[in-house]
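So, here come the structures, one by one.
Each of the two complexes below includes subunit A, the first together with subunit B, the second together with subunit C.
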Partner chain A sequence: MPIWGTGKMLQVTGLEVFYGNIQALHGVSFRVAAGETVTIIGSNGAGKSTTLMAIAGLLKPRKGQIKYCGRQVEKLSAYQTVRLGISLCPEGRRIFASLSVHENLTMGAVQRRDRKAVRADIDWVLSLFPDLKSRLEQSGGTLSGGQQQMLAIGRALMSRPKLLILDEPSLGLAPVLVNQIFNVIAALKNENTTVLLVEQNARRALEIADRGYVIETGRITLEGPSAALKNNERVKNAYLGG
Partner chain B sequence: MRPERRSFYTLAAIGLFFLGICLLEMYGSHYDRRVANLMMIYVILTVSLNLSNGIMGISSLGQIGFMSIGAYVAAVLTLPAGLKERWLTGLPHWLSTIQAGLLPAMVLAGVLAAVVAFLVGIVILRLQGVFAAVATLGFLIIVKVIAENWMSVTRGGRGISALPAYTNLWWTGAAALVTICVVLRIVKSPHGRSMLAVREHDLAAQSIGINAPRIRLLAFVVSAFFTGIAGSLWANLIGVVSPGSFYLWLTLLIIIMMVVGGMGSVTGSVISAAGFTILLELLRGFENRIAVYGISYILFAAVFMLVIIFRPDGVMGDREFSWTLLQRAAAFSRRKSP
Partner chain C sequence: MSPTAYFFQQFLNALSLGSIYALVTIGLAMVFSILRLINFAHGDLMMIGSYAILMIWDAGAPGWVAILAGVAISGVAGIIMERVCYRPLRGSAEMTTLLTSFAVVVLLENGAILLFGPNTRPFGILNFSHPTFSIYSTLISKIDVVTVILTLTILLLTALFIKRTTMGIAMRAVADDLTASHLVGIHLNRVIVSAFFIGSLFAGLAGLLWSARAGKIYPLMGFIPVVKAFVAAVIGGFGSIPGAVIGGYVLGFAEVFLIALLPPDFQGYRDAFVFVLLIFILLIRPQGILGAKAMERRI
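Moving on to the complex of A and B:
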């Protein structure tokens, strides 16, 4: 297990995000070290997705800092953060339905010019998700929910991120598929990809993550190693079903 | 089909197209040529509208504003110098003593429309859907109001007349061809893919690193460029520009042409613009014969509604013509017929 605080990859401090006049985040702070898998758990509307979108540059925070690999990135747009190696796999899959599986994966590498390496990475993604292999020419819209989620993660991996951010990857999937997705996250973890994972399925998330944070109505209320959070009474009652 | 074969067919088709223009220019009546010219201008307008509204998915109602800008630029440039000094007193001296030819007028019309689109786009393209539609409609109204009131440059509501009839089929045909080629080229390029991605899922497209505002602006500006050129061709075809010419009727007409052809299909836009030009002329003839004036517009609207009901994706959907497609269709019909 990595030692926390060394090789800080992402450091979020006092993040405040507003939707119009409504404040969604009230000073969220957390950190992710290189090679770590960190999870943020919380209920609907707690601010999980908002936090991720602010990191990826899809939302601009009103206050607070996001430091990534020693750089301030809170004012950057998404296309710039992707260039720096942050890749967000958004909630609800959002694959390009009219494009084929292969084209969806290629789109994930839209900023890369090294075509040879892109082709090699498509093979790598297909080795992670063998289900997609036989469907390369099929259009994305004809895939099942689980396959679409795999495609979405695969597409996010195509930019060769240093930090992979997954927003609710198991949402709405059958248990078998949830297992598959989490197996892939475990495989990525073994390859030393840094993963920031947001999940409703807190039990699974805490099983796979090194550390976790609990977010409630826009504030981080608990943090610690996954094992400790799993045994925390409050977490048990609120998120693990007693 | 082999690539050499495909490019041979494409070149042959372009050759035939210009042969047709040649024949029309030599033997066609004044009326034939006018209809053909209008057809080419509508093709340019519809294809470039399709780039911004269909392929890129911007809900713009202001397209004809760029045509108006292009038409006025061409009018100011190509009006004979003597008339300019009398009518357009607000022009700087160097501009009122020259009379430009069609080519410089076209290029400048396109460039100025594109520059305006760039400035307007930076502001308006932050909006989406209905909000973008309302804002671009506002732009169209602003252009019209300026054209009506800037007396010393546009001559206000009287419009600028006596423009030289430079436009002929060679110009409109070539401009239409260039528009089609450039837009097709963009669609097939990585930019085209990015446009499709942004149209389908803005957020997802941004999260994989597509600069969505920039790609939207690109489509909007390129589209305005060709629309401006269409305006300049129109000005030197009709011979008159006035604020009312470039307003809601044309806006509606090209939107209908685009929707019926298929939003996202350049081929569809070409077919539909050509078809509607002919349909409108036929209906006009019919209207004159039975002497019920205005009925052609009602019939025109009825055709539009029928297409929307029975083929909501338009004639082509978002597919494009290709020689392979034609070959397949031919093989299919051969198999069926015996």
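Moving on to the complex of A and C:
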């Protein structure tokens, strides 16, 4: 059981992000402690992915701070945040379609120089996702949706992140595969990986997370331990289907 | 000369011309696959390399030193071109970068005219004392043999580089999905600079072979080869590196055998036939031999 507030890994304060003149985030603030699993739930277009992309360095916020392990990271580019241990598994998987499964995993470790450990980590990822084992030389584009999602998570793990960010990992997957993905997240959680999870499937997300935030039109409107959010009437009506 | 000997002679000639086209086209394709930039100034890197080789050689350096240094200068010129002309425009529309590449062409070619004068200069390096030899009554020119062997070696190394090295895989990854490349931590600028450098080295080398074949250089010499490379890239599928190689050779063979088979009166229209071929391909298979169906926008 993590102790909240200690070992603060990620602290986002007053984040404002614009797409051109359109403001997507209106001062988003939240935190993730080391070892915690935190989820952000919200409907389409509420700003979940935007928040994650700003943390990963794909978008530059106009205002606000992102503090990670004691340093300001909101001005860094993605290749720099990866070096610091942030890894985002993006919505829609975005695996490299013409690269083989093995090459996809290699690219996940593109900044690492410890070749031996990288090889060991490929084995570790394959033990998490045994379906990929027989497909190492197959190109990513030929995989099924579920396998692509596994590959995307595996690739994100290859940088040995301190903070793993998952954007909609269960989107569009059959229930069996959703279970498989969440089992892996649970396993990572048991290994004390810090996970920030964005999910449409709010029920599953709140089951696995320690704490949660609700984001609505670019603002955090609710926060609390997952158990409390699950029983909150507003959350029930809006995200858990009554 | 027997028909067989004539055929083999033309075959080697086509292989040699196709090799040069392939070398030029690879550079064009590498940069395009990553930036969606059609760099028409790529041909001027051939010119820069050739002038550099000639000047270093004229200064008294041994031939191999002049060649290595000239090809290296071409590579560095490519890096400078990216840094000065294209990086400030990163993220702008493809039309903008395309037009910029024409501006770079005008700049470099007129700069060369100012510096070196508009006239052709003899290019005597790789000018063998016995330029041809014969096997079974087939007349073989040494420059063709050098061109083919050198190019095949480079193609093999390029294939290994792209298939096996981290940078090679990263280039393919960036071509596949730019956002995902950022997310896994690929340093985009390094990949772009590498692509420009490798492509420009190849352009320098192709410039050497092209100039040695022609026996002369002039400031506008890069124009025809880059247009031909553009055609080769279209034939092979724009952005595909294997396609660039195939396109280069298809174009080389098409040109040489069109000339060989057509009556002598038509030989002056050689380039016209090439562009008719281009129009024909654009009509029936616009994505080229190995090209993907659709090209999406990026960067």
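Heads up, the rule we're going with is that the second predicted complex is superposed on the first by the 242 of 242 C-alpha atoms of A that agree within 3 Å, B and C clash if a C-alpha of one lies under 4 Å from a C-alpha of the other, contacts with A are read in each partner's own complex, and residues count from 1 in each chain.
Operating definition for what follows: a contact is a pair of C-beta atoms (placed from the backbone, for glycine too) under 8 Å apart; a residue touches a chain by one contact, two chains touch by 3 or more.
Just so you know, these numbers come straight off a predicted model, no measurement behind them.
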| item | value |
| --- | --- |
| Fit or clash - subunit C, subunit B, common subunit A | clash |
| Partner chain(s) touched by A:V198 [first = subunit B, second = subunit C, both, neither] | neither |
| Contacts of A:I122 with subunit B and subunit C, given as first, second, both or neither | neither |
| Partner chain(s) touched by A:L151 [first = subunit B, second = subunit C, both, neither] | neither |
| Which superposed partner A:V12 touches (first subunit B, second subunit C, both, neither) | neither |
| Subunit B and subunit C footprints on subunit A, overlapping residues | 56, 58, 77-79, 82-83, 87-88, 90, 94-99, 103, 107-108, 110-111, 155-156, 158-159 |
| In the complex with subunit A, residue positions of subunit B that touch it | 190, 193-194, 196-197, 200-201, 203-211, 318 |
| Of all residues in subunit A, those that touch subunit C in their complex | 56-58, 77-79, 82-83, 87-88, 90, 94-99, 103, 106-108, 110-111, 155-156, 158-159 |
| Sites on subunit A touched by subunit B in the complex | 56, 58, 77-79, 82-83, 87-90, 94-99, 103, 107-108, 110-111, 152, 155-156, 158-159 |
| Subunit A-touching residues of subunit C, taken from the complex the two chains share | 166, 169-170, 172-173, 175-177, 179-188 |
